[in-house]
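Consider the two complexes below, in which chain A is the common component and chain B and chain C are the respective partners.
After this line comes the complex of A and B, so read on.
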């Protein structure tokens, strides 16, 4: 076992990530064996639809967790973006592309708001994001006058349903391609740019980084901005895969995104992050949600499971740190 | 000295890549103070961690009070009567002294905590130790010295038979050290076995009965303190005696320009109207007692803490420094006294730490040029003779002296012309200390200018070209090295207190 861990290829990929990937395959195998008709492309498409928006949320929040922070507002922010953009589309007849950009802009604005308060004003991330969670929910409801918003179907006669091609063109999962590109880009940001380096270092020892002459506030804020922007993009993939967005919801996705990160090896204590791990974590959660639905259990069962996943993996991380010290 | 209470025989311990303890022997008698000495990384702490159950030994035996023992955690060791008084104090500031001493084993009266009994018991403890501390005082209101006394009282209240002091004097004033020694002598009289870890040679001569020296994880030998000299011990520790010669006159040329001028710097109570000049190639010593405001001056100058007023000139030009970012941009680097908290990111690699202040120079477009970055880290590993298997090593795995070299490398990579060394050799062993001295002299001769804050008088006299003395937030004197004596410095350092 120890020998396997020291293998250079295993080291590069990360032992825990390989294990998690095996768990993912195992889960798929078990679901396919237990549930008749689970195997097959229809289910996979459905799993992927879930994985896209959850994936963008989780990739974004990975950056915040890497700074040692937390963001509980991403799910509601995503819904707020989808509601405000969708309402603008339906009520004012704005062009689709404008509303999609608007969604990203709203997410970006939320990210700036959270990031500024955390990095420059010094409010703890936990408090800021809890407050923003409610602001996002409230804002979405007020803007839409507490009505749910339906985005146009792919076959809408006016042709405005084209954005659904973002997730699927015929049988080709275009969403997977876009998501993969985004994941690779963010991997590079995390590991090969100053932003990623400073975010990881300040997550580990902020004061030492500050005393090295680095503008830590800027980089800390940037992590939240990335996170918020990703929530805005997640909203686009949510409405491209599904149709109706209801006001006042979205918080369950916080836990699912955070669970994806911690499963993948991103440490809640900050300083350590794995984009690849987050991607696998997202797939595990998406598969789990599909499996639970197929077993005719409710969303609530999944909430229990993701809650437990967070606790188990954070415990594993904490005890691993303790052993190292 | 009484009978043998503890024998550690043939203790062996390896970590991946490091043979931390190489068949080490150690013996302690009742009623003796036994010094454990060695350079950082010599294995002293590891040996004590094996003893108290924090680490499990690979082989060897521990015999305690005639029985072979193996502790699995500090709790077991504590229950058996072996306690450590740590260098970093583990007290809770918001609780009272009594509450801290009896934490985890509070006296109860029904469901309620019996505070009165805890206060009574604490008082009794303090009386036995001749310590004058009010058990009802809040821990955070006490000085570091007093807090340490509480830690000792707590250790004794555990019915300790062996007390391990891990660099107890590092943060204490002279007076507090005397008090500490009085207590240690008392404990010796009560027949406790005491293990004393320290780098301060003078203390070893004063307080200990025997000295065991370790080097590179191996047992070198045990001496009776009264029968050996300082040089004997140092020889055993480093296998050689070398020290940079003390300066007798300033090495700064007459016409060396002023690179840094600070005028009327004010920052709270600890920095009041401080002005001084630093010249090119100069090592400017900052001397004074604890709390004199030297570190605060450096931090305010560096922009780490806010200042109320004051002008700073770099190379004759007035500059605005409101953050470390500003200071670094003007070529000032700061090496903190607390490396782990303020100097390095311990969970990151040597490479990542080396370029932390200069990352923008190691970019290829948007991306970090990792090869160039690693090359420069390796260059400074070689240049500063940092002991590590490679540049990919996490800094947490390095010894104190080597971590200090990483911080120095960080500023050298940045090519800072003005370096502020705050207690550059605190917690660093004799051999590595001399390397740091050599390095500072080399840097100064290459035209770097250094501010050196130090609480060690010998270090100040050995290294400085000129000495600024501070007392209670004010600059009380400036002495050229030619006129500097311990007495002259002490006189100015206590000027306001008298």
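After this line comes the complex of A and C, so read on.
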């Protein structure tokens, strides 16, 4: 195993990422063998629909985790964005493009709110994001008067269902192309820009960065702003793939997004982040969700399994760190 | 080669930039120049001011005295070079370029090529920055785990520091095939680290075999 780890190609791609990719292939193989018709294109589309919105959430939270923080509000923020934008579309007849931009703006506002409280007021990220989770849930419910919101179908006679082309045009998974572009862009931001370097360094040694004369508050806030904005974008992909959004929900997606990051190699201590790993992690979680559903297990069982996965990967991260030390 | 005159000991032991600026001003005026004063000022200014402070004679102080330091570019590189190591698996060239640029802009190449006195001043300045860096590695904020919720134990902190030191010295040297200027950087960081951790050399050797 050590010899394999020292292989230059394995070192370049990252041993953990290769293992995770093998797990993904293995899972796909097992589900395809056990569940008839699992390898069909309809099922793959369904997996991808789940992967898009979860992927945007996970990519966003990767930036916050890289600073050594956490954001537990991303799921409810995504739902809040979808609810408020959808309600504005249905009730006030606002143009679709305006409501989509509104969704991103709401996510951005939540990101600013979280970032300001963490970076400038000094409230721990855990507390801030827990509070924001409730605020987002409450705000979505109040705005929609506790009614669920339905977004128009693709074949809506008024032609306002065009936004569903964001995930699929005919048999072409356009969402996959957009998600891939977003992942590459965020990879460049994380690894090849000053902002990304500051964000990673904050997670590595915040005090040294502060003493160097860097405005640590600004960069810490930026990580939360990216995360919030990505939640707003995730909401667009959620409503493009699914129709109805219910108020008071969304927190289950926090676990899934965070699990995707951690299993992809982003360190819970900050300072180390892998956008590629997060993408593979998202695919693993999405495949697992689809597999569980295809096995006719209930939503509750899915939640138990996802929770267990989070525990396993967090434990693996902690124990690997101990072993290395 | 890197001996230090006793008069300058306090200056190189002090890690707080404002107090160092005061000491520098005082020592430059009071102590006889051993030939290194110009370099001490030059490296201080390149370290603590965004573009350094250029003066006609690099040994001459600004008329109003040493201004308040605005940054610590050497300290930043302790964190930055570790991250360059972490993020440069795929794109080695840009990482190497960034490190070479730091060596050039912060006076490393200049000081080393000037001869022993410049190199000794550089070595002392890097050790001072390393001392300041290692102080930050002892705080409760360093490497908090579980999304910032848990403070790491002292053993965990020491191990993490050891790994970071390896990455920023031998790690980048090996990954980017660096030679020349980096030797002073490695020696200064390692020497300072040995004052913190007497088993440093042995641990570095172990890490070189596993990383």
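Here is the rule we use: the second predicted complex is superposed on the first by the 325 of 325 C-alpha atoms of A that agree within 3 Å, B and C clash if a C-alpha of one lies under 4 Å from a C-alpha of the other, contacts with A are read in each partner's own complex, and residues count from 1 in each chain.
Note that in this section a contact is a pair of C-beta atoms (placed from the backbone, for glycine too) under 8 Å apart; a residue touches a chain by one contact, two chains touch by 3 or more.
Remember, predicted model here, so these are calculated numbers, not experimental data.
Superimposing the complexes on chain A yields a three-chain arrangement in which chain B and chain C clash.
Residue contacts after overlaying the shared chain place A:194 against chain B, while chain C stays out of touching range.
Contact with both chain B and chain C is seen for A:213 once the two complexes are overlaid on the shared chain.
A simple residue count on chain A separates chain B from chain C, and the partner touching more is C. When the shared chain is aligned, chain C comes close enough to touch A:69, but chain B does not.
By the touch criterion defined above, A:204 reaches both chain B and chain C.
Once chain A of one complex is fitted onto chain A of the other, the partner contacts of A:318 are limited to chain C, with no touch recorded for chain B. Once the two complexes are laid over each other on the shared chain, residue contacts for A:14 go to chain C alone; chain B is not touched. Looking at the shared chain after the overlay, A:125 reaches chain C, while chain B stays out of its contact range. Of the two partner chains placed by superposition, A:134 touches none, neither chain B nor chain C.
Stretch 415-423 of chain B is the one among 127-135, 145-153 or 415-423 that clashes with chain C after the shared chain A is superposed. Chain A residues in contact with chain B (one complex) as well as with chain C (other complex) are 192, 197, 200-201, 204-205, 207-209, 211-214, 271-272.
Only residues 188, 192-194, 197-198, 200-201, 204-205, 207-215, 271-272 of chain A touch chain B when the two sit together in their complex. On the side of chain C, the complex with chain A involves touching residues 70-73, 75-76, 78-80, 82-83, 86-87, 89-91, 94, 132-133, 136-137, 139, 141-149, 152, 155-156, 159-160, 163-164. On chain A, the positions that touch chain C within their shared complex are 11-14, 65, 68-70, 124-126, 190-192, 197, 200-201, 204-209, 211-214, 268-272, 314, 318, 321, 324-325.
Residues 302, 304, 323-325, 327-329, 334, 336, 341-348, 352, 356-357, 359-360, 363, 366-368, 370, 410, 414 of chain B are the ones touching chain A in the complex.
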